[in-house]
Amino acid sequence: MIRVAVVGAAGYIGGELLRLLIGHPEVEVVGAVSARFPGKRVDGVHPNLRSATDLLFCSADDVDECDTVFLATPHRAAMTQIDRWIGLAKQVIDLTADFRLNDTKVYERYYGTEHTTPHLLRDFVPGIPELHRESLRTADLVSVPGCMAMAGVLALYPLVARGLVEPMAQFDARTGSSGSGATAGEANLHAERSGAMRVFAPTGHRHEAEMSRHLGIPAAMTATGVEAVRGVQTICHATLRPGVNTSAVRGAYRDQYQDEPFVRLVAYRRGTFRYPEPKILLGSNFCDVGYAVDEENGRLVSMAALDNLMKGGAGNAVQCLNLRMGWPEKLGLSFPGLHPL
Amino acid sequence: MIRVAVVGAAGYIGGELLRLLIGHPEVEVVGAVSARFPGKRVDGVHPNLRSATDLLFCSADDVDECDTVFLATPHRAAMTQIDRWIGLAKQVIDLTADFRLNDTKVYERYYGTEHTTPHLLRDFVPGIPELHRESLRTADLVSVPGCMAMAGVLALYPLVARGLVEPMAQFDARTGSSGSGATAGEANLHAERSGAMRVFAPTGHRHEAEMSRHLGIPAAMTATGVEAVRGVQTICHATLRPGVNTSAVRGAYRDQYQDEPFVRLVAYRRGTFRYPEPKILLGSNFCDVGYAVDEENGRLVSMAALDNLMKGGAGNAVQCLNLRMGWPEKLGLSFPGLHPL
Amino acid sequence: MIRVAVVGAAGYIGGELLRLLIGHPEVEVVGAVSARFPGKRVDGVHPNLRSATDLLFCSADDVDECDTVFLATPHRAAMTQIDRWIGLAKQVIDLTADFRLNDTKVYERYYGTEHTTPHLLRDFVPGIPELHRESLRTADLVSVPGCMAMAGVLALYPLVARGLVEPMAQFDARTGSSGSGATAGEANLHAERSGAMRVFAPTGHRHEAEMSRHLGIPAAMTATGVEAVRGVQTICHATLRPGVNTSAVRGAYRDQYQDEPFVRLVAYRRGTFRYPEPKILLGSNFCDVGYAVDEENGRLVSMAALDNLMKGGAGNAVQCLNLRMGWPEKLGLSFPGLHPL
Amino acid sequence: MIRVAVVGAAGYIGGELLRLLIGHPEVEVVGAVSARFPGKRVDGVHPNLRSATDLLFCSADDVDECDTVFLATPHRAAMTQIDRWIGLAKQVIDLTADFRLNDTKVYERYYGTEHTTPHLLRDFVPGIPELHRESLRTADLVSVPGCMAMAGVLALYPLVARGLVEPMAQFDARTGSSGSGATAGEANLHAERSGAMRVFAPTGHRHEAEMSRHLGIPAAMTATGVEAVRGVQTICHATLRPGVNTSAVRGAYRDQYQDEPFVRLVAYRRGTFRYPEPKILLGSNFCDVGYAVDEENGRLVSMAALDNLMKGGAGNAVQCLNLRMGWPEKLGLSFPGLHPL
């Protein structure tokens, strides 16, 4: 049993971390930090944990030395307090945006604010097991990517890595409302957000920078909020290099992902769920990836779907923890998702 | 053309009043009062009115003498400023809860606050054309009932009025999220409210008191928020007096409502929409009313559905205006609702 | 490891049984019977099971002797083939309606059809661990109740059992669309069913008869389809016996349920989820139960929420299996539900 | 008053045509043809028309000579019966796909079937008032475009027409479930379709061909079904020609659409509804168009939203009728849409 703490435990990612870590057979949760609710019951904020835990939220000051700290705070709260957490825990897994980019200039362009600990940027290993599994086995500092970026990277990486597409891609990301967090605002009021198809970032979304980094090509991304609480789907439009056909594309995806515990290839000719769709993934750690090829015009459309709080956040972080500890990668992450839902 | 003002024009009821009044052939909107947005464009808050109006919100002080003032403010703001509006307009149509009850004690029990102008309580005519049509033709003070109460009253009134049911009824009301207004709060955050079946008032909801008043019998009401933005449905459970059969019930509803412009009887044996359902009423001023009789056990289940912002608020208020002005009752209220939606 | 088969495995309850049984550490699924899809992959119909199983659907004839058979067929298919399954398996757990009532006359009144094996009606133990735990430990024939009935029974049983309420209750049940099954029909078309508040049974719903049976009092039930895929909530309105106060009610619920693994009492004064609500229960086997007392008028409103495919179906059936096998009652049923969702 | 008939009147587009035409001050509906429901009441299928009409469905044979026939049948039923309708009515407005393309080869590639009346393809004027207003004033044969194509064409046309973008564009279309029609199928079952993000056409959707035709450039389109009943949003990704800046783009849209009665430019820096979104357009005939420019990378993202049954179908057809008859273009189409919804 290792001892872990979750900082930002009253948020949606924090709640999902608690659900997973409380149910994890090798983990003891020794701290659930919330600046807003210290002393209050965790299940008062996360009602699905009623009867699963009697844990109370605590203050950051209450956290003792432990094995792993998960940071699920608002952006900038991770970088400004990072020294404290590094001093306290053997491993820090950061789920904020603060250490997702490894170039200060790119960070400052996309976030419009100065980075306070630029010297640490390159010390964080990206929390993408599919791309950085070996590094993650020994990583003491991990930065889990953004949910829409995670989907976009997994959707295109196999083709980029094999040089099968031209070096430029267009991403169209759709997301549910939980990605905006648990803080009430007018745009997220149920009557306003319900049934939305809201293009909240036609250009320049921050996850665009992450995809460019991990894919090594320029990425352009449009982000739309659609009617859902959980769930992200990222569609990628790319141009195939001359001579690349469906068979080559299929082979690339298969080679890349056939042994991945949490990536499934979904590209069927029949049935209702022919391509990746988030609704059957909610609560699970899967990222489903699919593709369609327009050979005549040399176009590729690839698609990835995931639960933004799971493979796009908390679940992915626990997968990184499992890797670091040498445990089976699926430990504590076996829930398969529901159908219908 | 008469000149009207809407106070509380940035809220959901206020926006619906503006939509109806701007489209009304006999009305000119001369004031849209908002304490939060004076000087801002109305269509910035109500985006469906883009290209329909260039109106700006104003302050209460900016409103000149006019023919009718509609009050759609938060509760208590109507009663504390009522003298001002009575002094300024020939007619005041109040859509808040402040003048819905005619008994100060009942008001104070249900609202937990003192009434500041109890002497006016009996001067307001209830804005229920189906029960008070003649009074409304000359009423200078009108109080529009609460949405769930309006549905409940129309669901049961024909039987109570004819002595066909025992004098006690149980009401089960379901409502969409727009009934909670346009102010953001945690319970109304999309991720929390979406897919809800939230019993927010198992007993003692304020609309219960209105139903008791208008029906003249004790009413017990349970209120649940369900997944919808607009729409209210109130189910009524009552006991039939001995000897009352289906035919008597049918006759009562038919007699009561056959000439009503905005009440439709909906009780079919076949089809998908056999009983009243709000989704086909959104944007319309109809209240659909239906019933089922369990003759063997002497039980009645009656049902009413409406759009809480229309027949449960703004539309009903405009119907009252039409009555007062001697215009056709359906003037400006002809939208029939959409199917599918 | 015991060997089990699921009959009706392509339906929604069948799919949920497969999900649970495939993940159950003591169970091997040896047959997934589907009349429509024999020879087809199970994960073609239940896409959430991709990568979890390579199982194919089979015909009824393909099922060999096994330990337990779960029947999740359409109604009447269980009773007409019951001899076959009793001959083949040590235990039969029936999730259809065929053996839920123990009185042939009541069955025929509510189902409008003759019962083909009335002699077996009394041999089936009701699959309600909270009421029949000891019998279920040895039961070879189990009949799992209907989802709305299960919620209604758990909502009121503690008070009925202690004589705290008058012997008559009114139930108001709300349900998502998955309760209608996986067969397409016009009323269940997305464009028609979406956003519905559809009173599909104002009186005389079949689950009413089950509640009367298990509670031992006359029950009147109204059933409404609301916007949700999964989830049932049943509200109960009853009259308290003279002298019964809130404290007595609280005590009754606490005594009844404090040791129940899958019933949680939910009745809070604060917070967003103060009373039982299905959305945080989806995928879990919990039934949340709450209550509110109107002491002045001697009224009780009690509420229960569950996932109709879990505690209202497949999960409850697995709980019964665990009891029969002497395994921990929560084995394979530990998923706590998601928030937000 | 002119006399009109609607063929395919029991479908969703047919129902919307009936709603509009029954409410149109210059039109009398003399026939509502349904092959499935001849002799049945129209409001049995379209419950929002209860109390608005006593019309019965009739057979095609029952339609007499009239002024205008609207065809809202399944595809292929229009072309195979077109002679009949041309012989019967002065004007035929076709809402099927049969006459949307003017090139037989393109038609056959996208529809996989032979065109039975290719000689008529060029006689139909595209029902796009914004591009073909003058022709529509005298057009006896009109073909209303597909809903996603209509949005895509209006989103990009101003820039293509002025040569501001490179001649290739990528379209990402999202649609509600009503676009699939009123016929039940498994993919459209509520439990399956609810909460979907379903890429049903990653490449090669038929509306792609319409956009290529009207824009005169190659178009690539991806179509996704999202959670909504009504509503279409088409996002367009294009590359700006060198030197084209935001100001030029803004000017192009303004010049093109400033006098259009049903196109609104929506591109705001603040507020919840900054870009085109269908939910505030339901029931209205508006198409909202917006855009964002990434000057640094020379990228354009333009967006259009509409109600697929209105500006994407029935409403657009009535606008074409108004043009042909010389009536005000907005006659019978004044409903502004609802907020919130």
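Quick notes on this structure:
So that you can tell them apart, the chains are marked A, B, C and D in the order they are listed, and the count of residues begins at 1 in each.
The definition used in the following text is that contacts are C-beta pairs under 8 Å (C-beta built on N, C-alpha and C of every residue); 3 or more make two chains touch, one makes a residue touch a chain.
What you see is a predicted model, and the numbers here were worked out from it, not measured in a lab.
Upon removal of chain B from consideration, the remaining chains are still joined by touching into a single piece.
Most remote from chain A, judged by the distance between CA-atom centroids, is B. Computed from the mean C-alpha positions, the centre of chain A lies at a distance of 38 Å from the centre of chain D. Counting partner chains per residue, chain A shows two or more touched chains at residues 12, 178, 182, 186, 191-192, 194-195, 229, 272-273, 340-341.
Contacts from chain B toward chain D in the complex involve residues 12, 15, 19, 23, 44, 46-52, 178, 182, 229-230, 264, 266, 271-273, 280-284, 286, 334-341.
The touching residues of chain A, counted against chain D in their complex, run 170, 172, 174, 186-187, 191-192, 194-200, 202-204, 218, 220, 222, 224, 226-228, 231, 233, 235, 237, 272-279, 290-294, 297, 299, 301, 303, 305, 340-341. Contacts from chain C toward chain D in the complex involve residues 12, 176-178, 180, 182-186, 188-195, 229.
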